[in-house]
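Both of the next two complexes hold chain A, though its partner changes from chain B to chain C.
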Partner chain A sequence: MTTAAASDLVPATPNALALLLLAMADDEFVIGFSDSEWTGIAPLLEEDVAMSSIAQDELAHAQALFRLLADVVDDGRDADAIAYDRPADGYFHARLLDHARGDWAQTIARRFLYETADAVRLEALAGSSYLPLRDLVGKIRREERYHAMHITAWLERLASTAGEPRNRLLAALDRLALDAATVLAPLPDELSLLMAGVVDAPGSDLDARWRAAIAPVLARLKLPMPPPAADPPRARTDHSDAFRWLHGEFTSVRRLDPRAAW
Partner chain B sequence: MIAFVDESAVRAALAEVPDPEIPVVSVVDLGMVESVEVAPDAIRVELLPTFVGCPALDVIREAVEQRLAGFGRAVGVSFGYRVPWTSDRITAVGRERLRAAGFAPPDDPAAMRCPYCGSGEVALDNLFGPTQCRSLHYCRACRQPFESFKPV
Partner chain C sequence: MQHGGSVLAPDAELAVHYARELFGRRQESVRLWIVRRADVHDLADPDLLDPPLDRSFKKPGGYVMRDKLAAARERSGRPKSSAGERRAAPRSSPDGSQ
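Take a look at the complex of A and B:
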């Protein structure tokens, strides 16, 4: 916390804090499960290892965030119950993550858009007045640094290889375009989080920071900037059939044995 | 009769608890032990996870509880992020033990040396390795693939 003394801050409403944690946890959870589908079938053995390791990191971040959420919600549900016992419509991830993993180019394009937006979100929480989240974010950022190096290298590799690699990347960015900016779309009641010092800026500022961060990379690689989110209030609702399928997959073990551990 | 126990006795015992994934180093060598508190009826140990998703944490918790059970007090093991674990917490002894077992200790990429022959002619094969905390390298001098501990 740098901008105000603790006594100046009003507590965030539990609901606003819960929605922030839910958005972050569901984002990491859904992209983690989606990308773990590459385990065993990635285009290179090295990428099989890398994508599996990255997915494992994301699922672990989701689990840690679900634990914080369980404490805030305090309704008797543990992290597993929150993670697995909701119908597909009850998930609150960004629509960017509603797309199927698609081909390798789509996975890379989506990871780039997501990781860069998530980095801006984590930075905005680095001085959070909600200490359990601040501490966890401090740890998560050290791990995400490796994801950023990995995804930037792949984006450059595909973008600068003329023919099929670049064409597939452009096609993927085009398919994702309308949902590209959904990760940082303003959350309901974000004013309460701002006034409490949980986050350091509103969603509109975070979106501007994200655009400033990715613009030089995309310009250098002659790739298009994503347009604004098509429908910000629906940025985290009305999920796709691709997600419904994934939901059926990732809840299957839980439905088979509710006591199974992660 | 209650056995005598103080913090250094507990730390000495923890130095015998191996990391389940790289058993040549202990949780003390890795710098995972943040605090040890000895109360009249309990011993509390705060450990720092190397990675948020380290799947070995439950195994480590059980191993610590088992190793300290002999002190005859309730043992509480907690994991937290209040202090982030960083790779520079690995002790000098820990770094030497890693090297001897074929793992390059965490370093700047420019300072990376092959743990087998000591050559600096090494290439990074993959940032990601068989566990979250390891990367894969290849030594051009002795033609040996090897792993390193990720600097975090």
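Take a look at the complex of A and C:
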């Protein structure tokens, strides 16, 4: 039982573990739904298929993470109930994902910042002492490798095409700047995750790893490095109106009949 | 190997990504080759691909090798390879005749 595995760790961990899983699941869930807004209207047909498929991948990752979370909290809610039956204020995704998909450049900029941070987070979990998460992370990383290739290809093209593409990309990075580093902001009670070997480093180390990973890419493309997160304790709270709108969209079918079987 | 389809992409790198999404995302492919349309050379001439005269002698169906192979094995004293046995087994009748 995964619940037993969690409670075998140091006492404070189950709650910290639940917050870690919730943060990861909500991040994947929100960016998955937000990017799926491009279905039908992406810049070209092939990219429409690619972005929709990637968004679906993120939703599948979220579903798997919500299932782990349901085992850990063990309060009778299943993955769908956790995913859909919370008010907008109950979501725990990073503020970076609170921004609307915006124009194509903003979607690319947001996804680049998110994917690179998520890759660092997944790497820090690759040897996790919590075996269900370690197993899942191994699978997720195999898909995320392709997502990183895809988004870096797009970032390079927008950054190196003078005029509207580069100008829009710079404007998007500027709009996202203060929230860019929120994905790896320290989680509450992260010390117990460290002590139990669930993650291999504190959030501050992960932030440094992320910056070391993106610095050469951004320097090569003459793009600015993001500043530190404006307010790390609020990295996952006080969500935006853009997210409230998205929440209304992605819960609309569920609200029709929460007990319907799919 | 078969033609999967075509993609429109600004360059080779994105063409690879799009080919993967359009023709590989449902585990329907084990490998993809992506080439520019301009690099595909078409051969569709029926006189070259479907000659009007009898060419059945170019097909391997007329050559029965089984008996010759069995005789050769007997002479060499070596048994069939395991791969050969797997292939032959379903076609053997219980008394060993072919």
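In the analysis below, the second predicted complex is superposed on the first by the 246 of 262 C-alpha atoms of A that agree within 3 Å, B and C clash if a C-alpha of one lies under 4 Å from a C-alpha of the other, contacts with A are read in each partner's own complex, and residues count from 1 in each chain.
Basically, contacts are C-beta pairs under 8 Å (C-beta built on N, C-alpha and C of every residue); 3 or more make two chains touch, one makes a residue touch a chain.
Just so you know, these numbers come straight off a predicted model, no measurement behind them.
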item	value
Partners on chain A (chain B, chain C) - clash or fit	clash
Chain B versus chain C as contact partner of A:Ser53, first or second or both or neither	both
Which superposed partner A:Ala148 touches (first chain B, second chain C, both, neither)	neither
Touching partner for A:Ala213 - first (chain B), second (chain C), both, neither	neither
Which superposed partner A:Arg157 touches (first chain B, second chain C, both, neither)	second
Contact breadth on chain A, by residue count: chain C or chain B	B
Touching partner for A:His61 - first (chain B), second (chain C), both, neither	first
Which of chain B and chain C A:Ala88 touches, first, second, both or neither	neither
Which superposed partner A:Ile140 touches (first chain B, second chain C, both, neither)	first
Those residues of chain A which chain B touches in one complex and chain C touches in the other	46, 49-50, 53, 146, 149-150
Of all residues in chain A, those that touch chain B in their complex	46, 49-50, 52-54, 56-57, 59-61, 63-64, 135-136, 138-140, 142-143, 145-146, 149-150
Residues of chain A touching chain C in the complex	44-47, 49-50, 53, 146, 149-150, 153, 157
Sites on chain B touched by chain A in the complex	49, 51-55, 80-82, 84-86, 125-132, 136, 150, 152
Parts of chain C lying in touch with chain A, wherever the complex brings them together	7-10, 13-14, 17-18, 20-22, 25
